[in-house]
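There are two complexes below, and they share chain A, which is joined by chain B in the first and by chain C in the second.
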Partner chain A sequence: MRWLLSFTVAFVCTVVVQAKSFTGNRLLVVLEEQAEREKYSVFLEDLTSRGFTTNVESPKADKLSLLRHGERAYDHVLLLPAKSKGLGPALTANNLLEFMKKEGNILVALSSEQATPTAVQALLLELDINIPSDKGALVVDHFNYDSSSASEQHDVLLLPFPAAVRPDVKNYFAGEGYIAVPRAVGQSLGNESPLISPVLRAPSTAYSYNPKDEAEGVEDPFAVGEQLNLVSAMQANNAARFAIVGSAEMLQNKWFAEKATLGEKVITTANREFAQKLSEWTFKETGVLKVGKFLHYQDEGASKKLNTSLAIPENNPTIYRIKTDVHFQVEISEYTNDHLAPFVPSPSDNIQLEFSMLSPFQRLNLSPIAQTANATIFGVAFKTPDQHGIFNFRLNYRRPFLTNVDEKRQVTVRHFAHDEWPRSWQISGAWVWIGGIWVTVLGWVAFVAVWLYSAPSERSVKKTQ
Partner chain B sequence: MRLLSGFVSSLLLSGAAIVSAASSWSFEDATVSVSSKGAEAGLKDKLSPSTVLGKSVSLGATDTLKLLLTTTDGSTAKRPHQAFLTLTDPTTGLEESFVLSVKDSGKAKVNLSHKDLPHQFLTSSKPITASIVIGSFGSSSPYKSKLFDLAVNRDANVPLTIPEAPVRYAAEAEIHHIFRGDPESPPKIITIVFAAAVAGALPILLGVWATLGANTSHLTKALGNAPVSHALFFGSILAMEGIFFLYYTSWNLFQMLPAAAVVGAVAFLSGSRALSEVQERRLAGLR
Partner chain C sequence: MPPKQRTGTASAPSTSASRPSKSSSNAQAQDILQGVWNKYVSKTPQRTKLLDTFMAFLVAVGALQFLYVVLVGNFPFNAFLSGFSATVGQFVLTASLRMQTNAENKAEFESISHERAFADFVFGSLLLHFFCVNFIN
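Right after this comes the complex of A and B.
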């Protein structure tokens, strides 16, 4: 029995090592014309060398189905632009959303030369990502263009790698050099959803226009400046990832290391690196968080050894008294490329613990207290509030580009027991009352003695006579 | 010779003009004016492509800002593909571009009033940076430069509907539970004074009894008449107080009740004898 278990463990380990993505390595590449495959060969080979088993299919293929028996048949989908406007019955917007509900990841590449398929349009509409409705609209910038390949049209943008979206968000797309974005379809993002975030923004002087209608001068641009995105991303509540690339040409071999001219400078495009970073993020090779041990215990003054071994289960108390000193600690790992590493949040970001009953009573920033081989241990010490009830230790950590962490453990917080209060003589205000009781006790004993043993006095005898 | 050199220099100048004509976008005859509703055009300022306007242009709630200019490619008026008035919030970096409507002759204009501006600009504390972007296809270099500061004056009495900030995933403000204050005792000196007064009541009581003639002179007599009953009765009363004391300090109810029952039974049985003895003394006129 033992050998069987160890064999299973070893087998699981080898499987984990083989798959570079956290969720699986089955990649479906949807490409209408097999001849086009050559254009993307370097990108696809890079994916294969990172451990993905790529499966190139035409959207019209008979057997093509994203889900099989209600489970996803692939882990990731790469949708490359197609000539035809429809993507066939297997790839409707609804199917793609169902696929994402099963935690499948999708990378969509658009092209301004080909109409965006209706399925993709409908999908983007669902996700609150807007693209120009007319075919052929593309992004130009008269300031940051490649003057060797687009000296007249200015539609090949050369942009540095993006900076972090916010100072408190980790940047998974940083790099050195310039990215060429040829003839991109710009996207503008809805403001309401926290799930969508820009990856690569257009520079402030860029705008989107339609060469057919607005050849003379731009009158009513779709979007302008940094509100125009060239690459954007969405991470659903179940951490399924979706990325949209405005220009499929970005991913083609010819732009992976192409000589380009920005102003006077001759540069080599770094699209290959950017494509790798983007696909790594989309296919969950980076930015995946995993929570290990979730511990809390009463601080009894003595230092307690950290219980980080996997063999020992979490052994958390189920009940605390109000106003008790409690220690909390949690292990968080981040999956990067092929292993779990200690998670280091952005310096201006905080992981927060909520101690809550309906609403948080305490919301505290955790600080890193130790590191194991593949996890950072974050911890905080606090006092349980002076309110009894059913509370939760809740760790709700949601940040753009990171998978969601929402863990909670329920504990009871009880009142003081009757023998946990301070005794009455310790309360100085009670001394008067305690004195009163003692005076009563002694007076009573004296009264009993007098009543039992008192002889008649002279005076009282006189009175009765 | 002078003539020649003058000719050469003018030739050079015109050559330079030709080169610049092929190479850069700019504008001329630019004016910015702010006119109030009803009133005629008020302030009018000339703008130049190379300098920033010294003062900031203020735009009131009912005012309309009008920007007129002629775009030029080199020295000839020409229509560019892109002619934007870009407003930038200097603190947040928020940008909004307004498209200038340009005629083929290069004459461009844009009107701006409060309703065109996003609410972030209306509430901005610092003046907003206004710059012009002119660019087009081909080899002419584009133009972008800051031209003036736009101070948005809002009527403070008119409420502004600012939409609620959308949800963004970020660290929230910390919450530290505010504990109720611990119960407090009055100053110890007051407690001690009153406790002393209470304790002082006992000697006063005993003293008053003594002056009224209370004594324990019959103790020997009582013990002589019924020694066991009296010793047990008075002892059980003391023991009951001791039980109460132990219950107060350490015992629980289940330790206290049996002991109290035993002592109570003793008190009842011995008490009836002891009190009979007291009655005998009373009937003998000794009380």
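Right after this comes the complex of A and C.
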């Protein structure tokens, strides 16, 4: 019933709003000076053409509020750098966090030329992302710089598109070409939070440095090499997404298809493609997982194969017996751009099912057994453990850049009923003792017969008496 | 060489001396056993002999089952218990019947006739078989 309802809701949504994002299309762009809007016009037009209704507001606007009547007033927020140090009462760190608790997504762009607003600083502190405290610090690299625009400063970095963070994680930011990262504010990520992950790392030769420092060399830099992130991301447990771009200039028209020189090579920057990928991910157009039918049933037939028919309804039994064969299958779809597609995990990754009571008794890799138009059906067959109690079928799948999947179905596992044990003759080991009993019984019958037959005659009885 | 010879000469008389004594003791033991057996065959009533045969049969069946459990293993254990206890229980019941019907114990079982003892034995045995067959499932 649940999946039917969600399908209906999804269908209605697509008909009514034509949103490309999975969660909604209301985008708030926070921009202090309307004049600056021209600089980002291509990026904003791209967003509009992807189905977002953009709403450009100044942080000082009176009616600006992220939440209305306790619900979020926008689905996504794009925070562009502002001249003033404060963002006003509507955009405090608390408000932004509250917005994320309501599953709103935030894309923040920093700039080394303007001080980072205190609200954003506090927010980053909350998320365990660190940025240099002094205004003006930027990332410099003497090897991967654009020699046509920053031949002296070496502060415009030219980097290839990032590779996957781990081999078992899908890469949502892949592309061809080079990204120009002009005058970026580097971020370093805390070790404690499993929710944050780097998107675009600085090359190993980069370091963070403040040109206003009078000192000759850089002593005690904020961070160096691949510790520095130029773009990083955070996905909260409720799947609200947050991305931070070190350089707002990356998103400006100027750098979207600029001629640049890396070493001797003349290249065209691919910032437009990267900005699209980043905003697609942040605003939940990609990497959103959806669980469809969640099905388990007892295998009772001669065929022990998984049932791949799509027609089985989700009438999951609530009780199983110990040591029975159970089949489990689940439909998982991935939302990409505007439709649900079958989810294909990275080849070195596995979705796992846990059959658990307090701790997992079974933890099994699911394998894809079928595909529908918009979902992959993953399945596994297993035997319930020799332990009765209240168990959960649990699907817990958390990967960087993918929304979390944590589904549970509770079932009872009972012990054998008294008439479910095998009979003695079905166990060949018992045949010897069954034979023993019947030999004894038959011997006794023979004995009784002979005893009665050999009754002493009257004479001999008298004699014994 | 000489010592070996000596041992040979020394041992020869001793074995020759012991042989006749051993054979004579063997003969005595055989005589005793033969006597016991003859007396048993001639003096024991027919029904007591029958009881003894049945008890020997039960011991053999029980020993075989126990041997099997030692050699092969006790799965399923309830089957072993019921099979083995069937022979043991039957042996006990038969022994009781033998005591009650033995002419020499007549003084102790004055009030119990042989027919009554046999009926008790049949009833007890049927109960035992019923329990064993049920227990093995």
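Here, the second predicted complex is superposed on the first by the 393 of 465 C-alpha atoms of A that agree within 3 Å, B and C clash if a C-alpha of one lies under 4 Å from a C-alpha of the other, contacts with A are read in each partner's own complex, and residues count from 1 in each chain.
Going forward, a residue touches a chain if its C-beta (ideal position, glycine included) is under 8 Å from a C-beta of that chain, and two chains touch if they have at least 3 such contacts.
None of the values given here were measured: they were computed from a predicted structure.
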item	value
Of chain B and chain C, the chain that contacts the larger number of chain A residues	B
First (chain B), second (chain C), both or neither touched by A:360	first
First (chain B), second (chain C), both or neither touched by A:398	first
First, second, both or neither for A:416, with chain B first and chain C second	neither
Residues of chain A that lie at the interface with chain B and also at the interface with chain C	427, 429-430, 432, 434-436, 439, 441, 443-444, 448, 450, 454, 456, 460
In the complex, chain C residues that touch chain A	45-47, 50, 54, 57-58, 61-62, 64-65, 68, 72-73, 75-76, 79-80, 82-84, 86-87, 90, 94, 103, 118, 122, 125, 129, 132-133, 136-137
Complex contact set, residues of chain A against chain C	421, 423-424, 427, 429-430, 432-437, 439-441, 443-444, 447-448, 450-451, 454, 456, 460, 464
List of chain B residues in touch with chain A within their complex	79-84, 86, 88, 95, 97, 99, 101-102, 133, 135-139, 142, 144, 166-177, 179-180, 185-186, 188, 191-192, 194-195, 198-199, 201-202, 205-206, 209, 212-219, 222, 230, 233-234, 237-238, 241, 244, 274, 278, 286-287
In the complex, chain A residues that touch chain B	140, 142-143, 151-154, 166, 168, 191-194, 204-205, 207, 209, 216-221, 224-227, 323, 349-352, 354-355, 360-365, 383, 385-386, 398-400, 427-432, 434-436, 438-439, 441-446, 448-450, 452-460
